[in-house]
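The next part holds the structures, each set out as C-alpha cells.
Two complexes follow with subunit A in common, the first pairing it with subunit B and the second with subunit C.
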Partner chain A sequence: MDLVIAVGGGGQHIALSIARLLRIGALADPIEAFVIDADSDSRLAGKLKLFGNTVSRECPHPLDGAQTVVPPFARDTMKETAFRKIFLDDRADPLERELFELFYDEESGGVENGSGPMAGVDIGKGMFANPSVGSAVFASSKGGAMEPLFGKARTAARIFVVGSFLGGTGAGIMHQLIKLVREAVGPAKPMYGAFLLRWFDLPPTTGQTVDVATLLASMGHGLEYFYRYTKALLDASMLLGVPDNPTQQIKAVPAAAENDETLSIYPLLAASALLMLPDKTDTQARAMHRTYGLSHDEHDPLWVLRRKWNTPRGSKDPSLGARLVEAVVLQEIYRSFREKDSDFADFDYEKGRATWGSLIENVARRNNEKPAAFARRVLGCLEARSAQLRFVTWWFNTVFGNVDLSLFGDPRARQLYAVHRDRGWKAPVAFKILVDAFQYETSAGAAREKNRTPDPDVELAEKIEAALLAALRN
Partner chain B sequence: MIQLIPGSNDASPTDSFALDQKKGAWTPAASHLRTKSFPTPFAQAEMMTHVLTQLSLDPGAAQSAPETVNDKLQQTFERWRLLLLGLVLGEVVLDPVDLRRNEADNFGGMLSDLRPECRFLGLLRDARHQGMEGRKLMVGAADPHCLLWCAPRLARLNYWSDLKTRIDSNPYRQEAYGLLADWRTHFERASLWNPSHERAPAWQKGLHTLLGENTRPANALADHARMVGPLRLNVVPRAGGDAEDVIAYLPVREPQWAARFAELLFFQPVRRDAGSVELVDPNGRSVVSIRMAPRTLAQGAHQAAPGAASAAVDAAPIAGFELLAGVGRFEALANVGRGHGQAHWLEDHANAQGYRALVLNPLMAAAARSHRRATLSDEDVTGFPIGYPDTIRLVVAPSSGAADGPRIMLSREVTNRAATGTPLPAYGTALTHWKPGDALPAIVAVPGATGNLAVGLVEAFGPAERRVDVGELRALGFALFLYFMGEAELRSDGARILWTHDDGKELCGRVVFNQTERALEVLRDGLNAVMSETERARCRDRLATLQRFAATWRSVGEGDAERPEVQAARLGRVAVEHFLHWVLGAPGGFVIGQFGLKAAAPAEHYVLGLNARLPLYLDVFARD
Partner chain C sequence: MRPPMFTQIALYQPRNGTPSWPGDPPPAADDAGAAAAPPPVEPAQNAGNTTVVVNNAPAGNGFLSQEACQEANTNAFISAGGYAFGASFVGIVIFLVMRKKLWLSSFGRYLTAVLTASLVAGVLAGWDPVRADLLQQCIQSSDFHQYVFLGGQLFARALVLGLIPAFVVTFLGCFVANRT
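Up next is the complex of A and B:
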C-alpha cells in the first residue's frame, strides 16, 4: 500500500487528481490517502470526500482514506482559538511570554489582553496566509490529530506528500509534517514529495489579507526553507508552477469562488509524481535527494495524455488518453443499459441468459432475491460507477477541451470510441461487448486488492466493469 | 518545451529536468519580503538569514537595504550590526536559556522539538533597558545561520535608533571591530571561514560585510575580551564537505580580562556540590562559581527576577551539549579584586586539589564531548580558543602577554595594590629572553622555578596614566648594594639577606605561604627603604662605591641564556639597574661614569633554585 499525504488545498486538488486517475486505471491500486486541512467543510473538501457527490453504497470512493479530512490540530477541542492563547494562559511564566513575543510580532501573536487586530491570529478562522503561525500550531499539537498518520506511514510501502507552498495551512505545516513523518518512519522508507508553486490567481480585489503578492511571498520563502531543510528529508521531489510566459493551457487559472475546486492541469501533473519520482530515484544513491520539474510541449497540447501512466493488464496502450477513451466508452455502455433497462434486467439480449443472466441469477438466489430485481440493483451500481466516470471525464474535458481521442486506446476501445465520436452508438453495441466481456468474468478484477467486503450487487457491478475493460483491452 | 516552473523562461529539451538549486527568481522582491511566510516559528531568524544572504561581497558594492521599501521588515543588516557591536561593547548581553526549562513551558518545548539543535537558545537582552516584569529587555536571539536576529516588537519603542546612538557614539567602537576581526581570524585559522562559498552561512557574509577587508585584527582577544556563549554556528569547511555546526564563544570587550582572570587562580577552588566549583578567598567567601555540570534544577533565570520559581529541567539528554548547557560558565562573578591569598591554585597543594584537577580537567573532558572529540589536547584549545569557555581558554591558551614570559605569582605587596583598580600583571619577562642592553623590564619572572608558575618581581605595573609603583626590583638592587658595601649579609641558612647595619632587618629572601615556598620575595623593610628619600640620598652620596658597584654588575649577565646561572645573574643585573636608575634619578642627580674597580668574583650566592644562583658581590673596599 502506498500512502498519499495530501496537505491543505493544494494537496486536496492533487488528491482529487489521484482519485480520478485511480478511477480510470491510470494509476494502480493500492493507494491510501491521508488528507489534512484546517477547513474540512469547504466545497473543495466536500468534493474530495464525496468525489463530486458520486460516492455511495453502490460505488465507493476510488481513493481509500479520502473520505475524511483531518484538521492538523484539534481545533474542535481547543478552549481558545487565538494563536496567543494556545501557548500563553494566565499562569504562563514571564520567560514563556517573553519567548512568544520574541518569535511573533503583534500582528501574528497579539498583545496581552489585546482585542481586534491586537489579539493576533485567530486560528479558528484560518491561518490568513501565515505559515509561521500554522507551523507552530501544527508542531504544538502533533501528538493528537496526527497520531493515526504516523501508524499508517510506518506500514506504507512508499509515502508521497503532496500539497502547495502557497497559502497558510499547507505551506505552514508541510515542512514540519515531512520532518515528523520522516522521524516516524526512519531513513530507509521511500518518501517523495510533489508540490505546487504558483498555479492559480486570486481575483484582483483590495483589502484582503491574502493577495497574489502574499502567495508569492509564501512560495518564495517556502522554497527557501524547502531547499535548506526539507528537500534532504525526501528521496525525490517535484516542483510545479506557472512559468513566466505561459501558453494558454498552462496559464494560472482564476481561483474558484467559495473555496471550490480550481480546474487546472497542474494538480494532474503533480499526480504524475507518483509514477515519475520512484522511476527516477536510484535506490542505490538515495542520498541524492533530487528535485525535478516537468516540461510542457507547447506544440503538442495533448502531451500529458500521451505520457505513459499505469499499464493495466491486457492493454498495449499505457497512455492516459487510452484510459480516457475507456472511460468514455464505458459511459456509453452504461447509458445503453439504462436505456434498455428491461433488457438488462431480464437478460433479454443475445446470449444474455447464458452468460451474465446465469451468473446474476445464481447470485440473486444466494441472496434470496428475484433475478430481475437484483439485476436492476446491479444496474443502479453501474450507473453510479458511470457517474464517477462522468466526474472524471468532465474534469478532463474542462481542462483539455473536447479533444478527439481517436488515436488512443487498444483497438476495440478505439473502435467503439470512434462509434461514439461519430454519434453512431446504438444499444446493441453495448450488449454485444457485455456478452463478449463475459469470457473475462473469472479473471478480471482479481488484481485489485480489496479493503472491504462489498454488497453482492456492488461486487457484481465491479466485476462487470472489470470484464468490460478487459474486453476493451484484449 | 517550456519548463513548468515560476521564474523560468528556459526551454527544455526533455520532458523533465532537475531542479537541484533554488532559482533566484523565486526570491520575493524586497518590497514583498514577508517574515510570516516562512513556514517555521523561527521565521524571524530565517528572514535575517535571508537578508544577510542577499549582501554582496564585492568590495565597494552598494548593499541592498530592503527595509527602505518594506517598512514591515524587522530584520535588517543595520540592526544585525547594532546587535553584534552592542554585544561586543556590553550594551547587549547574552542570556543563554534551555528551551526545555519548565519556565519555557509548551512554547519552549515546541521550539526545541522543531529544532533540537536550537534547544539552548542565546537570548539577547539590553543591558540598560527594562522589559517584562523588571527583566532586561529582550531584543533578539542567536541562530546558527544568521548568528543574531532582532526581536520584532521593538520598533514602536524607538529602540533601534536608541541603540544606534549608543553604539555609534561609543568611544570603543573601533576596538569592538578589532575584536571581531580577531574573532574572524580564529575561524580563518581553523579553515572555517568561507563567506564566498555558495553555501556560506549568512552570518559570515554579514561579518565579512561589516568588517570589510580593511579592519585589522586588534590582537586583543586573548587579553582584553571576555567570551560569552557558547553559540552553535553553521560553517562550511574550506576543505570542502557539507556544512556543519561548530560551537563558538563571542567576545565582549573587557580590558585586562585575562589578567583579572589570572588573579582568580589565586583563589582556592572548592567543590560545593557536584554541579559547581567555587573559588574562595582566604576568608572562605566565594568570589566566583564555575558551572561544572548542567543544572539539575532551574533557577530563576534572571538576576532581576530572583524570586522566580525553580523547577526541574526536562531530563532530555545533554551528553554532547555540555558547553551549550552552560558547563564551564562563570556564575555569580563577584569583585575579582577582592584580596586573595599568596598561593597560586592552578596545581594541587599538599592537602587540597587545585584548579587543574577540580576544574580544568573535567571541563576539558566536557568540552571534548561537546566538540565531538574523543579527547582534547592543549593544542586543540590553542588552535581554536574561541571554541572554549574562558575557564579553559585563559588557562590553556596563552594570552598575547604570555609570549613575553611565563605566568607569575605576585607578592602580597603587589596584590594589595589591586585596590587601585589597575589590573594586576599576570606575566613576567623571562630572563632567557632579556639580555643586557635591552630595555629594562618592569616585571620579571624569577628564574629557577620548577612548576608552571614563577615568582614575579614587580617594579611597577599598569598603563602610563595609571602607573602603580611597587619597587621590588630596585629594592632587590638596594639589597645587593648593601651587600656590596658590606652593610648586609646572607643569613647562615642562606634564606634571607639581612641588613646587618640596621638591626638585622630582613631585606629579601625565601618565604613560605600556604605551605608553598617562594624562592625569593622582597620584604617590607627592603621596600620601605627604596621608598625613602633618605636612603636614596645616602646611596647617591656614595658615588665612588656606586661606580664600582655599577662596574661590577655591568660585566654580569652575558652568556648562554639557557643556563640558569646566567638567568640568575641577569636578575641581579636588572635589579641593580633599576636601583641605579632610582638613585641617579633623584633631584640633582648625575651620570655615573664608565669606570671603577670591579669585584672580581661573587663572595657567595643566594640560591634561587637548581643551578640558579644569584651572585652576591662584595666591594674590594668593603669593610669587614
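Up next is the complex of A and C:
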C-alpha cells in the first residue's frame, strides 16, 4: 500500500484530486492517506472527509484514511488554541515574553490581552499562512500527534508527501515532517514529494494577515529551505506553480471563499506525481535526486486528459479522458436504473432473471431477504456510487469546461458516450449493457483489495460496477 | 308415426337457393312445411334421433340435425381456441417488445398485453369471421341452438370463448416469457 501524507490546505486539495482519480480508476488502489491540517472543521476538510457529502454506508470513501484530518498538534490535550497563550501563560516571565514578541509579529503572535485580530493566530482554526506559527506548533508537539503517522509510514510500500509551500501549515511543518518521516522509515523507503507553489490568488477582501505578498514570501522561504535541506530526503519531487504569462487554464484562480475547495487544475497535476515520480526515479542512484516540473501545452488544453494514467485491466486506453468517459457513461446507466427502478428490482428486463436476477436472488436468500427488497438496496448503493461519480465529473467539468470526450475510451464506452452526447440515451441501452456485463461477474472486482468487509448489498453494487466497467472496456 | 330418415341430408349443408339434394327442386319459401315434408317434431320427442326438419328455420335452411349442430359447435370451439391463442400470441409479442424497449412499468406491460389479447380474442370469438353457415342456422334455430355452446348469448360467448381464455393464456405466457 502507498501512503499519501497530505499537509495543510494544499495537501487536502491534492488528496481530493487523488480521491477523485481513484474513484474513476485513473489511479490504482491501494492508496491510504494521512491528512494533516490544523483546521479539521473547514469546508475543505469537510469536503475531503465526506468526498462532497457522498460517503455513506452504501458507498465508502475512495481514498482510505481521508475521512480523518489530524491536527499537527495534540489538540485534544491542549487547554488553549490561541498561539500566544500556548507559549505565554500566566506564569511566563518577562524574558519569555520578550523572546516571543521578538520572533512573532502582532498579527501572528498577538498582543497582551488583545482581542479579535490582535489576539494572534488561533491554531485551532489554521495557521493563516504563518509558517513560523506552524513550525513552532509542530515542533512543540511533534511526538504525540504524529505518532500514528510513523507507524503507517513504516509499513507503506511508498510514501508521497503532498502539500503547498504557500500557507501556514504546509510551509510551516512540511520540512520538519519529511525529516521526521525519513528518520522513522529509514533511507531505503521510496519517498516522494509533490508541492504546490503559487497556484491561487487571494481575493482583496481577505483579512489583513494574509495577502499575495505573504504567500509569495512563504513560498520563497519554503523553496529555499527545500533546496537546501528537504530535497535530499526525498527520492524525487515535483514543484508546480503558475508560470509567467499563464494561459487561461493554468492561471492562478481566486481562492474559494470561507476556506472551501478552490477549483483549479494544479491539484490534479500534483496528483500525477504519484505515477510520474516513481517512474522517473533511478532506484540504483538514489543520491541523484531530481526535482521535476510540468510544462503546459497551450495548443492542447486537454493534454492532461491524454496523458497515460493507470491502465485498468481490460482497457486499451490508459488516458484520463477514457476514465472520464466511463464515469459519464456509468452515471447514465445508473440514472436509467433509477428511472426504471421496478424493472431493476424485479428483474423485468430481457434476460434479467437468468443473469443478475439469479445472482441477486441467491444473495438475498442467504441474507433472509426478499429479492426485490434486496435489489432495491443494491440500487440505492449504485445511486450512491453515481453521486460520487457526479462529484468527480462535476469537478472535471469545472476545470476543463464541458469538453467533448468522444475521442477517448474503449470502443464500447466511446460508442455509449456518443449516444449520451447526442442525447439519444434510452433506458434499454443501460439494461443491455447490464446483461452483457454479467459475463464478467466472476472475474471483475477481484483486483480491488480493501481493508473492510462490505455489506452484501454494497459488495454486490461494487461487483455490478466492476462488471459494467469490464463490459465497457472489453 | 316415426318420421322418415334423411340421413344424407345431415351430411350436407344446404346453401340458400340450392337444393338439399341434387335431384330435388329448389325449395321454395312458400312450400316450407308442404305435404311432402314430414310434420314438425319437438326435439324432446326426438330423443335418440339425429335429424329433424324444422319449419321455423330460415328459408332454404330447413335441414338441421343435432349431430350437425354439435359438430358445428365443436368446430366453433376450435376456431375460438384459435382466436384465443392467436390473440394471446399477439399479446405476448407485444409484451416482449414492450419489455425489450422497457416501455411503461411491468404492470403496465402486463395490462397492455393482456387487455389487447383479451379484447382481440373476445371480439373475434363474438364476431367469428369464419363462422360456418350451419352454425349460424343452429344458433338461430330455436330447436337446435341448445346444441351450440352459449348459442343465443353473443356477449357471454365472446367472454367465455374469447376473452377469458385469452386473458389466462396471455397472462401465463407473459409470466413465463418474463422469466427468461
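The rule we apply is simple: the second predicted complex is superposed on the first by the 422 of 474 C-alpha atoms of A that agree within 3 Å, B and C clash if a C-alpha of one lies under 4 Å from a C-alpha of the other, contacts with A are read in each partner's own complex, and residues count from 1 in each chain.
Just so it is clear, a contact is a pair of C-beta atoms (placed from the backbone, for glycine too) under 8 Å apart; a residue touches a chain by one contact, two chains touch by 3 or more.
In this text the structure is predicted, and so the values were computed from the model without any measurement.
Using the contact criterion defined above for the overlaid structures, shared-chain residue A:Tyr349 touches subunit C, although it does not reach subunit B.
With both structures placed on the common chain, the touch criterion links A:Ser295 to subunit B but leaves subunit C unconnected. By the touch criterion stated above, A:Asp260 is placed in contact with neither subunit B nor subunit C. Within the superposed three-chain model, A:Lys340 lies in touch with subunit C and out of touch with subunit B [touch as defined at top].
Of the two partners subunit B and subunit C, more subunit A residues are in touch with B.
Of the two partner chains, subunit B is the only one that A:Leu95 touches; subunit C does not reach it. In the overlay built on the shared chain, the residue A:Ala427 is in contact with subunit C alone; subunit B does not reach it.
Applying the stated contact rule after C-alpha superposition, one finds that A:Glu183 touches neither subunit B nor subunit C. Subunit A residues in contact with subunit B (one complex) as well as with subunit C (other complex) do not exist.
Looking at the complex, you find that subunit A touches subunit B at residues 87-88, 92-108, 129-136, 139-140, 171-176, 179, 197-198, 213-214, 216-225, 227, 239-247, 250, 266, 269, 276, 280, 290-298, 303, 307.
Residues of subunit A touching subunit C in their complex: 340, 342-343, 346, 348-351, 353-354, 426-428, 431. Every residue of subunit B that touches subunit A in the complex is listed here, in rising order: 1-9, 12, 14-22, 25-28, 32-44, 46, 50, 74, 97, 99, 101-108, 110-111, 113-114, 123, 131-133, 135, 138, 140-141, 151-153, 301, 305, 308-309.
Subunit C makes touch with subunit A in their complex at residues 99-102, 105-106, 109, 178-180.
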